[in-house]
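What follows is a set of structures for review.
One chain, chain A, links the two complexes that follow: it is found with chain B in the first and with chain C in the second.
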Partner chain A sequence: MKQHLDLYLTLLKTSIISQFQYRVAHLFWLLAMMVEPVVYLVVWGTIATSQGGNVAGYTAGTFAAYYITWTLVRQMNIALTPYAFENRIRKGRLSNELMRPIHPIHFDMSYFMSLKVVTIVLWLPIAGLLWWVFQPVFTFTAWWQIPAFILALLGGFVTRFLCLWALGLVTFWVTKVSAVFELYFTIELLLSGRLVPLAIMPAWVRDISQWLPFQWTFGFPIDVAVGTLTGPQVAWGLAMQAVWMLIAGGILALVWPHAVRRYSAVGA
Partner chain B sequence: MSQTIKVDTLIKTFQVPEREAGLKAAVGSLFKRKYREVEAVKKISFGIDAGEIVGFLGPNGAGKTTTLKMLAGLLFPTSGQIDVLGYEPQRREKELLRQITIVMGQRNQLMWDIPALDSFELQRAIYQIPEGEFRRMRDELIDLLNMGDLVKKPVRNLSLGERMKAEFISALLHRPKVLFLDEPTIGLDVTAQRLIREFVAAYNQRYQASVMLTSHYMADVQALCKRVIVIHHGQLLYDGGLAGLVEKFAAYKTIGVTLNDPDLDLSEYGEIISNSKGQVNLRVPKSATAQITTRLLNEVAISDLTIEDPAIDSIIEQVFQQEAQVV
Partner chain C sequence: MVYLRLFWIFLRVSVISEFQYRVNFFVQLFQSALALGTGLVAMSLVFSYTQNLAGWTQPELLAVMGVHIIVGGLIKTVIQPNMNRLIEDIQEGTLDFALTKPADAQAIISVREFRIWQLIDLVLGSVVLGYAISQLSTSLGWLSALAFAAAVLLGGLMIYSVWLMLSVGAFWIIRADNFLEIFDSLYQAGRWPVSIYPGWLKHTLTFVLPIAFAVTLPAETLARQLNGQNLLFALGLTVLLLVVSRLFWRFGLRHYTGASA
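Up next, the complex of A and B:
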């Protein structure tokens, strides 16, 4: 345990040093990523106002709270895309990681965790500006809302990270599978709460998304922060995150030994 | 001496998709794909002792890198046995990975944007090297490679030679017992090549590490390897001393003569390789060397005569041009 802690702290430290080398690039990247939620926010805020103040219970202020939290959750659940995995397999870049006496997943995990340290620092002033412009309305019902949000945020990242890593393993069998990834990301966009809050979606969509991982990695942490969920709903969401972590982790543990046998280390 | 690497009838076969050129064939391959089996490594066997440096030679596509990757555990063999330090590399056990390293001249392992020193720290954590031991080894390697304060510069700002030296330090911090070096001096200038060679020799002597080296620079091989393994088309052509390789494959010798009369034509004695102001180099069949030398001494007025084996580069080239003939 002490060894793993040392490794993670050193990996985090090294990755953060590396990330800060490109802080300006990160800032511009972050600003570019803000365009999407601001567009959603303006559109839904306008619709809410034109429909007498709310859409399915969401007022302009609640939409503002939703999409400002969205910007944080989006940053927090960025993980290694299967595209990067495909590139790594096709060009043999996995060789370096495979030569080390530690599973490659730890390098990716620490890299993306360090990325968040940097982006949070840069995100804070942007969030402050959005807050000032759009005047969000959060509902705080209980003290546990804050620790539950932090847990849901972390759980969302780990769940999405493991799901995408597991999906990336497909590239050991089929070299170019971008179309599969596109399909995954499109479904994720619709069923995660990224495009619109799931509360606004039809009931049958909400029913389906209950049993898929997407909303637990995106819409759920936002809803916890905004204050639209009850205690049991929050507990259910955290449990669903744990279930999906176990499923994706289990797939990884089972498939990885077979996947790595197929690695051809081309070009490296 | 104990063997650190044992390879027995190793085979690696790749399945390669293939189709004819053109749209029709491309559409056809959507429904029915054709595969061809390519045997990259064909039943090769050899062993390497602890502390031995072995040159692994072959032209591009001979199967060298495929073999090295199997020895390092990056590729699974199709059949045959590999034993490295008592482990099967393809199982990628942590205990083995802590004792081996691979350095590839065309592949960076260091983090690009941060100083090499920070990457070394990462290696310490990955290999769980005790702090004191890590500092001793790091400083020793920095000293051996004359890196000094260069390790404090971001890796992207280092020259190719400096970067390669930093790669070596990073790869050896955990004091591996087996080194796989794949073209480690590629693209480096002569000085950097020499320094890397001296460094590998010093590390080998100090830690009795086994080294398998592939290089297209014969100077690397001549400086470091008493023994070479030559493969071609995936088959083992030769395994033995470097001197023996010359003996076995050099079909010609070079006779150098200094003529009293610079205008004399010596083409009847052998193939003239060079002729400069009476300094003539002749290529003659090895079996006829003694007879031609006697004739030259008896028939031509010469002031000096030397007999040399051809350069190792040309012998290797000649070996590669021959059809594979398993020894």
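Up next, the complex of A and C:
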């Protein structure tokens, strides 16, 4: 345990320093990523205003709160895409990583955590600007909303990270995987609350997404921050995150040894 | 005439080499279908709550979406691959090979690559557009069809000019690919008519990256009414952008030192 902690601290430190060298590139990238939520926000804000101020319980102000929090959750959610495995396997880079005495997942995890530190610093002024332009309305009902949001945000990242890492393992067996991943990300876009808050979706879609991991990694932390959830609902969401972490982690632990054997069998 | 033949030869070579990878056709078809499906879901969600979006009816918005897919397909077939290759060549110093050829360098770097499988979007977009028009009450004359074609052409030329200027930035800033990231995401905003956006975004989408002219204006020409004044304005702006980008390209070239030099 202590050994892992030391590893994370060291990796985080060096990675943050090296990421800050590319701050201008990060800033451009971050700005580019703001267009998507702004488009959604304008469309739904316009509809809310034209429908007498309210769509499925959302006003222009709560939509603004939703999509501004969206920008933070989206950044926190960034994890290793399963496409990276294609690269690692085809170019044989995994060989180096397997030589280390520690599971390669820890190196990925600490890299993406360091990325968060850099992007939050750059995100703050952009969020301020969005706040000023769109005037969001948050509902603040209880003190636990803030710690719950932080917990949900972290839980969302870890859950998504584990799910995508587990999905990436498909690459060890199938070579043309991009179609599978493409489909996964499209479903995620629709069912996670990224395209629209799930409250906007028809009831049957909400019923399905209850049982899938997507909404717990994206829409749920946003809803906690905006203040549309009650205490028990928040607890339920955090529990669902834990369940999906266990499922994805379990698959990882089970499949990884076979995947590695498969890799050495392919050669490289 | 020489340039037309040059264009034809490059096109043929690209088509031949793309036909080696026929699986990519299906990969592209799958991707385009997913993107279209997502767009349709978003639109049906919007219209399950409202009858019109800032004055735009559903068939009109479908027409915008169709044009958005068509123009996006054109960009990904011709403009994007050529400009990516230009940036790569500038970064690696291999632009020398294009500059030393006995033809105008700008003409060569603009037509070297064609991604023909991306033309699937042209087909899908046309289907969406055709369906949207059939839902509209207005009848289409040959004049509006002609105006539509002209508007798409002008919009494409404007996007080409702006993209060329951004790529030429690579002569100074080696990592010019980051600008292009922004272009890509701003283009997504063109899926909806630019008039719905707040002023600052609308002006960016009109005058900085002319997506308003490339997508909204052609769609308006077909789905609403022909606005001769706007079309003339687009013509003027296209000529201006072509001239400015040409000058900027020549200016940038003077800063290119090459790899071997």
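Everything that follows uses one rule, which is that the second predicted complex is superposed on the first by the 263 of 268 C-alpha atoms of A that agree within 3 Å, B and C clash if a C-alpha of one lies under 4 Å from a C-alpha of the other, contacts with A are read in each partner's own complex, and residues count from 1 in each chain.
By definition in this document, a residue touches a chain if its C-beta (ideal position, glycine included) is under 8 Å from a C-beta of that chain, and two chains touch if they have at least 3 such contacts.
Computed from a predicted model, the values in this text were never measured in an experiment.
Engineer: Applying the document's definition of touching, compare chain B and chain C: which contacts more of chain A?
Structural biologist: Here the partner covering more residues of chain A is C.
Engineer: Should A:Thr10 be classified as contacting the first partner (chain B), the second (chain C), both, or neither?
Structural biologist: So A:Thr10 only meets chain B here.
Engineer: If you stack the two complexes on chain A, which partner ends up touching A:Met99: first (chain B), second (chain C), both, or neither?
Structural biologist: The first partner, chain B, only.
Engineer: Contact-wise, after the overlay, does A:Thr46 reach chain B, chain C, both or neither (first, second, both, neither)?
Structural biologist: Touch partner of A:Thr46: chain C, not chain B.
Engineer: Could you say whether A:Glu36 touches chain B, chain C, both of them, or neither, answering first, second, both or neither?
Structural biologist: A:Glu36 contacts chain C only, not chain B.
Engineer: Indicate the residue numbers of chain A shared between its chain B interface and its chain C interface, in ascending order.
Structural biologist: In the superposed arrangement, which is not itself an observed complex, chain A uses no residue for both chain B and chain C.
Engineer: Would you tell me which residues of chain A are touching chain C in their complex?
Structural biologist: 24-25, 28-29, 31-33, 35-36, 38-39, 42-43, 46-47, 50-51, 55-56, 133, 176, 178-179, 182-183, 186, 189-190, 195-196, 200-202
Engineer: Considering only the defined contacts, which chain B positions touch chain A in the complex?
Structural biologist: For chain B paired with chain A, touching residues are 14, 69, 72-76, 90, 92, 94-95, 97-98, 100-102, 104, 107, 109, 111, 113-114, 118-119, 121-122, 124-128, 154.
Engineer: What residues of chain C sit close enough to touch chain A in their complex?
Structural biologist: Its residues touching chain A are 23, 27, 30-31, 34, 37-38, 41-42, 45-46, 48-50, 52-54, 175, 178-179, 181-182, 184-186, 188-189, 191-192, 196-198, 201.
Engineer: Using the touch rule from the top, collect the residues of chain A that touch chain B in their complex.
Structural biologist: Answer in residue numbers: 3, 6-7, 9-11, 13-14, 17-18, 21-22, 95-96, 98-102, 260-261, 263-265, 268.
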